[in-house]
Amino acid sequence: MKKTVFLGALTVAGLAAGLVSAGTLDDVKARGTLNCGVSTGVPGFAEPDANGRWQGFDIAVCRAVAAAVLGDNNAIQFVPTTGKTRFTSLASGEIDMLARNTTWTLSRDVDLKFDFVGVNYYDGQGFMVKASTGITSASSPEIDGVTVCIQTGTTSELNLSDHFRSIGMSYEPLPVESGSEAVANYMAGSCDMFTTDRSALAARRATQEVPTDHVVLPEIISKEPLGPLVRHGDNEWGDVVRWTLNALITAEEFGVTAANAEELSEGTNNAEINRLLGSEGTMGEMLGLDADWAKRAIMSEGNYGEIFEANIGAGTIIGLPRGVNAMWTDGGLIYSPPFR
Amino acid sequence: MSTSISTERETFRLSMLLNDKRYRSYTFQFFALLVLICIIAYLGKNLVENLAKAGLNISYGFLEDPAGYDINQRLIEYNSQSSHLRAAFVGVLNTLLVAFLGCIMATVLGVTAGILRLSNNWIVAKLMTIYVEIFRNVPILIWILIISSIFMGVLPQPRAFRGENPEATMLWDMFAFTGRGVYTPGPIFFEGSLVVIGTFLLSIVSIFAFRRYARRKLYSEGKVIKTSWISLLLFFIPTIIVFYALGSPIGLEYPELKGFNFKGGIYARGSLISLWFALSIYTGAFIAEVVRAGIQSVDKGQTEAAAALGLRSNFIMNLVVLPQALRVIIPPMISFYLNITKNSSLALAVGYMDITSTLGGITLNQTGRAIEAVLLLMLFYLAISLSISAVMNVYNRSVMLKER
Amino acid sequence: MAENNASFVRHELIKEQVPPVSQRGVVKWVSENLISSPFNVIMTLLSLWIIYSIIVNSAPWFINGIWDAKSVRECYDILDGVSGACFAVLKERFPQLIYGFKYPPTEYWRPNTAVVLLLAALAPVLFRKLPQQLLGFSAIYPFLAYWLIWGGTPLVPVIAFLGLAFGIYCFRRFSARSFAFGVVIAVIAASLFWVLGGYLSEANGTFLALEAVPSRDMGGLMLNLLLGTIACSISIPLGVILALGRQSNMPIIKWICVIFIEFIRGVPLITLLFVANVILAFFFPPDTSIDLILRVIIMMTFFNSAYIAEVVRGGLAALPTGQYEAANSLGLDYAQSMRLIILPQALKISIPGIVNVSVGMLKDTTLVSIISMFDLVGMIRGPILATSEWNGVYWELFGCAAAIFFVICFSVSKYSQWLERQLETSNR
C-alpha cells in the first residue's frame, strides 16, 4: 500500500516536471515571472537604483516582454550576469532571454546556438582618452605602446587586438572584470585609454566629474549591433521576444506612445496601428498571446523612441544622440518588418 | 570436550551476505559501487540530453584555433594569432610565477613575524599580533582588492615622471615605482654570458660538495672545518674573475620613460605585484602562527639538555631546536603553499592573466566551451596540487620522527 | 649572662626596601621590554615609527570623514581638497550592504531575528556548560530560520521537521535489529512523510504565510552568512561520513572517499563555483532549473566537507588504538562502536579544527561575487560602485567589509582558542 502511494507520488512529480517543459513561453506563463539576464551595471542601459529597481535601456526590453506575456512589467526576475556567465546562463535555461548589450556575431548565433531576435542599438567600439594626453586619433603613430583598459569576455577584446594588428602598433591590454572597475582603473591612470562600445563610453564619460576632461576618439573600429537574444530552437519564444521589440519600433514609427496607446487601441483609420494594438487581425493569437499584448508592451515604458529618450537620450545625463539609431524614416537604421 | 575449531567450510547461504561480517562488507561495497555507477550514469544521461537539446557537443578542437586576444604578461612567445592552447600555457606559467613568488615572500614574512611574536620586545610582539589577527580574519579577496586599490591610488602614474619638474622621480635612476607596476633594471646577455652563468652554477655546486665533505670529516674524524668563509669566497670569487676576464658579458638595461610607459628593464605589472603581495601577506599571517607554535612546541628541557651536553648556542638551535620545530612546521606549510597556488586563481579580480583568467576566463567567454575549459582548469590545479604535495611529502618523510 | 642577651641575631626582618629606580615600575618594564639590547632599541624605534606613520596618515582621513552627503562628488565638495573619507556611502547604502538590494525593507526584522535566534541556537552547542535541554531549540532552529528568511507558509518547514522526527523515531524503533536496516527504514519513512506532507503544504500555501522572498533576492552580508552557515552545517555530518569512509577497510568505499576528498581539496574553490555557475545545470534533468544559490550551496558544501573530513580524520587518527580494540572487545558492532566510543572522542579533539575550517568557509563565501552574485563584496563591486553617485569610494566600502568580516571571524577564532584551552585542561 505504502509502496503504491510512494510510486504514485513519484509518477505525479515526474509528470508535473514533464508538463512544465513544454516550451519557454509556457514556462514563463506557468511560472508567472520572466527570468531576464542583464548586466551587473552599465549606467543608462541597466543599473539598479537606490531602491533596487532595475532601470535602463536594456531593462525596458525585458519589461516590455514581461508586460506582453504576463501583463505585468514588474513580474521579472532580473538575473545579473557577467561577460563570462551570460551565455551559459541562457544555454542552461536559467534565464529566458538575455538583454545585456550583447553583440550579434556569427559565432554566437551559429556556434553557441543562440538566436538574436533583433537589434535595439547599433553601436561600434571606440576609445576614450583623457583630454590632457593630447591624443586625437586611435590610429596615429603617437599611440604606440599605449596601455588600454578593457572589459574581459567581450568582443571588444578581439576587436582591439585586430585593430592594433592592422595599424601595426604595440599596446598593453589591462583586462578588467567589470565595466565600472575598468573605468576606475582608467580614472586612476592605470591605463591611458579605455575602450568599449561607444554608447557605454558616452555613458561612462557623462558620469565623470568633469566630462569634458575626457575625449571619445573619432575612430569606430567595429560594428556592434546589440540586441536581445534567446536560445536556439525555441522559435515560439523567439518570435514573442522578436515581435515585442518590433512592436516598440513600429509604435514609434506610427506615433503610438505610452500615453496614447490606450486611446488608439479603440480603433483608428490606420490599419497597421489597429493590427499592432489588436483592434484588427489576430496577431496576438498567432504568437500565443492575447490581442492586447503589444499595447501592454508599449504602455510599459513607452515606444522605442520614448525608451531611448528616457534612458540614454539627449535629455539624460548620458546624452547620446539618436545617430544611426534613428528611425529609418529619419535616415537611421531602426526598422521593423510590417505587422501584417 | 571438543575444543577444536571446526575447520570445515560452512555452506554459503544468501542471508550471510547481510549477517556475516565476512561477506557483509562485500555487500556494502557492491551496493556502494552500484549507487555510484547509477549516479554517474544518471548525471551522464542528463548531460548528454541537455547537450543534445542545446545543440552543443564536447570537443577540444577549440584549443587549436587562434585565440584572438592579447595577453600583457607573457613569459613565452605569444600573440593574438597563437592558439588557445598556447594562451593557456601562458596562463599556466603566470600562475606558477605568482605562486612561486608568493610562497617565498609568505615564508619570509611568516617566519619573521612568527619569531618576532615571541620577541621579548613588547611593542614588536604586539604589532606582530595585530598583523596576524587582522590579516587572518579578513577574506583574501578583500585583501586583494584593497591592496590593488592602494597600489593604483597611492603610487604615481608614469606621466608624473615626465616634464621639466616631474612630480615623481626614479629611485637612483634605476627603479620606477608607478601605479602600473614597478620597473627595475634587467640583465642583458652578450656573448660569453653563458660561461659566467655556468661558472656561477658550478661554484654553487662546489659549495654544497665542500660542505658535505666537511660534514663527513666531522662525523668520521671529529675534525671541525670552518665552512662559512670558504663558502663565501667560492660564491663570489670565481664568478667575478670570469665576469671580468670575459669583458663584462652581462650588462644592465635601465628602464626609460618612452611615450606612455617606461621601456626596457624588467616590468613587474601592478596586477602581479598586488596579487603577489596580497597572497604573501595573507598567507604569511597563517605561517607566522604555525612558526610560533612550532618553536613553542619544543620543550625547554631540550634546550637545557643540549646546553648541559656542552653544545654552543648556535649548535643548540641548529641541531636540537630547529629539527624538532620543523617537524611541527613543515606539514602545515605544505598546505599553505598549496593554498597560495589555489588562491592565485583569484587573479581575475585584479586582471592578472593567470590560467583562470586565460583558459577559464577569456577563452571560455570567447569560445563558449564552458565544460571543456573548466574541466581542463580543474585538472591543471589538481595536477599542481598533487605534485606539490608529493614533493613535500617526500621531504616531510625525511624529517619525520622515525617511529619504532 | 647579661651579655648573652645582646643578640647577634635579628629578631625582626628588615623592612622591604623599595627596589632601585632601574629595577621597578615603568623604568624596569621599559628597559627589559623595549631597550634590553641595541637590536631591541632599533626594533622599538622602528615599530614606533610604523605606528606613528600609520596614525598620521590615516587619522585625518577618519576624523574628516563625511557622513552626510548624497554622492561622492558632494563629499569632495564638502571636504574641499582636504583628505577625508566619504562615509556617507555607508550610511546611505547600509541596508544594501547587509541585506542586498532586493530584500523587502519592511521584512528586515526577519533576517535580524534569524541571526539573534542563531546565536541562541548555537549557544548550547558552543558552550557545554549551558543546560543541554536547549539543544532541542537548536534542532528546531534550521526550520524556523528557513521560514523566517524565505517566508511562505510555515507548513513547509513544519512538515520537513515532522518528517525528520518521524524518520528518527523509525530509526530508533528499527535500529535495534541492525543499524543499516534502521537507516533504510528511516529514510523511506521520512521521504514518504515529506511527499505526502508536500500535498498538504501546497494546498494551504497561504496559511500563516510571511511574504515569500526568492533566493535570488538575498544579498549583502546576509548572503555570506546564509551560505556560510548552511554549507558548514550540512558539511559537518558529510565530512564525518567521508572521514569514516576514508578510514574504512572496505577498499571500494575507501577509494571513493579518497578520490572525492583529494579532488575537492586539489582544486580552488573558484573553479568549483564556475562548475556551479556554468556546468552544474547541465547535469540536472532537462527542463528543471535549480537556483544558482542552491547550486552554489551544493558546491560549497562539497568543498567544506572535504576539508572537515581531513580534520576529523586527524581526530580519528589521534585516538589510541586501544579505544578501537576496547570497543571491539566489548562486542560492539561497527556502528555502535563509532557512535558510542570513537566519534564522541574524535569529534571532541576535532572541534577547534572544524571551527577553523568553518571560519575559512565563511571568508571564502566572498568568492561568489566573482560569479555575479551580490554578496557583501559583490554588492560593493557591482551595484554600489557602478552607480554614478558612488563611483570611486573604494577604501570606505572595502574597509567596512573588512571590518565586518574581522569582527565576525576574530570572535569565532577567539572562541575556538578558548575551546582549545578548555579541552586541554579536561584532558589532564
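Chains: A, B and C, in written order; residue numbering restarts at 1 for each.
Here, a residue touches a chain if its C-beta (ideal position, glycine included) is under 8 Å from a C-beta of that chain, and two chains touch if they have at least 3 such contacts.
The model shown is predicted, which means the values in this text are computed figures rather than measured ones.
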Relative to chain B, chain with the most remote C-alpha centre: A
Pair joined by the larger number of C-beta contacts - B-C, A-B: B-C
Distance between chain centroids, defined by C-alpha means - chain A, chain C (Å): 40
Approximate Å spacing (C-alpha centroids) for the pair chain B, chain C: 27
Cα-centroid distance, chain A relative to chain B, in whole angstrom: 43
Residue numbers of chain A (touch at least two other chains): 84, 88, 92, 177, 184
Of all residues in chain C, the ones touching two or more other chains: 278-279, 281-282, 285-286, 370, 381, 394
Multi-partner residues of chain B (each touching 2 or more other chains): 50, 53, 153, 348-349, 364, 370
Footprint of chain B on chain C - complex, ascending: 29, 32-34, 36, 40, 43-44, 47-48, 50-51, 178, 249-253, 256, 262-263, 265-271, 274-275, 278-279, 281-286, 359, 363-364, 366-367, 369-370, 377, 381, 394-395, 398-399, 401-402, 405-406, 409-410, 413
Chain B residues within the chain C interface of the complex: 18, 25, 28-29, 32-33, 36, 43, 46-47, 49-51, 53, 116, 119-124, 127, 133-134, 136-143, 145-146, 149, 153, 342-343, 345-346, 348-349, 356, 360, 364, 370-371, 374, 377-378, 381-382, 385-386
Sites on chain B touched by chain A in the complex: 50, 53-56, 68-72, 80, 152-153, 157, 159, 179-180, 258-261, 263, 270-271, 348-349, 351, 353, 357, 361-362, 364-366, 368, 370
Interface residues, chain A side, partner chain C - complex: 2, 5-6, 9-10, 17, 20-21, 40-43, 47-48, 50-52, 77, 79-82, 84-85, 88-89, 92-94, 177-181, 183-184, 187, 207, 209, 317
In the complex with chain B, residue positions of chain A that touch it: 83-84, 87-88, 91-92, 108, 111-113, 133, 142-147, 152-154, 157-158, 160-162, 164-165, 171-177, 184-185, 188-192, 231-233
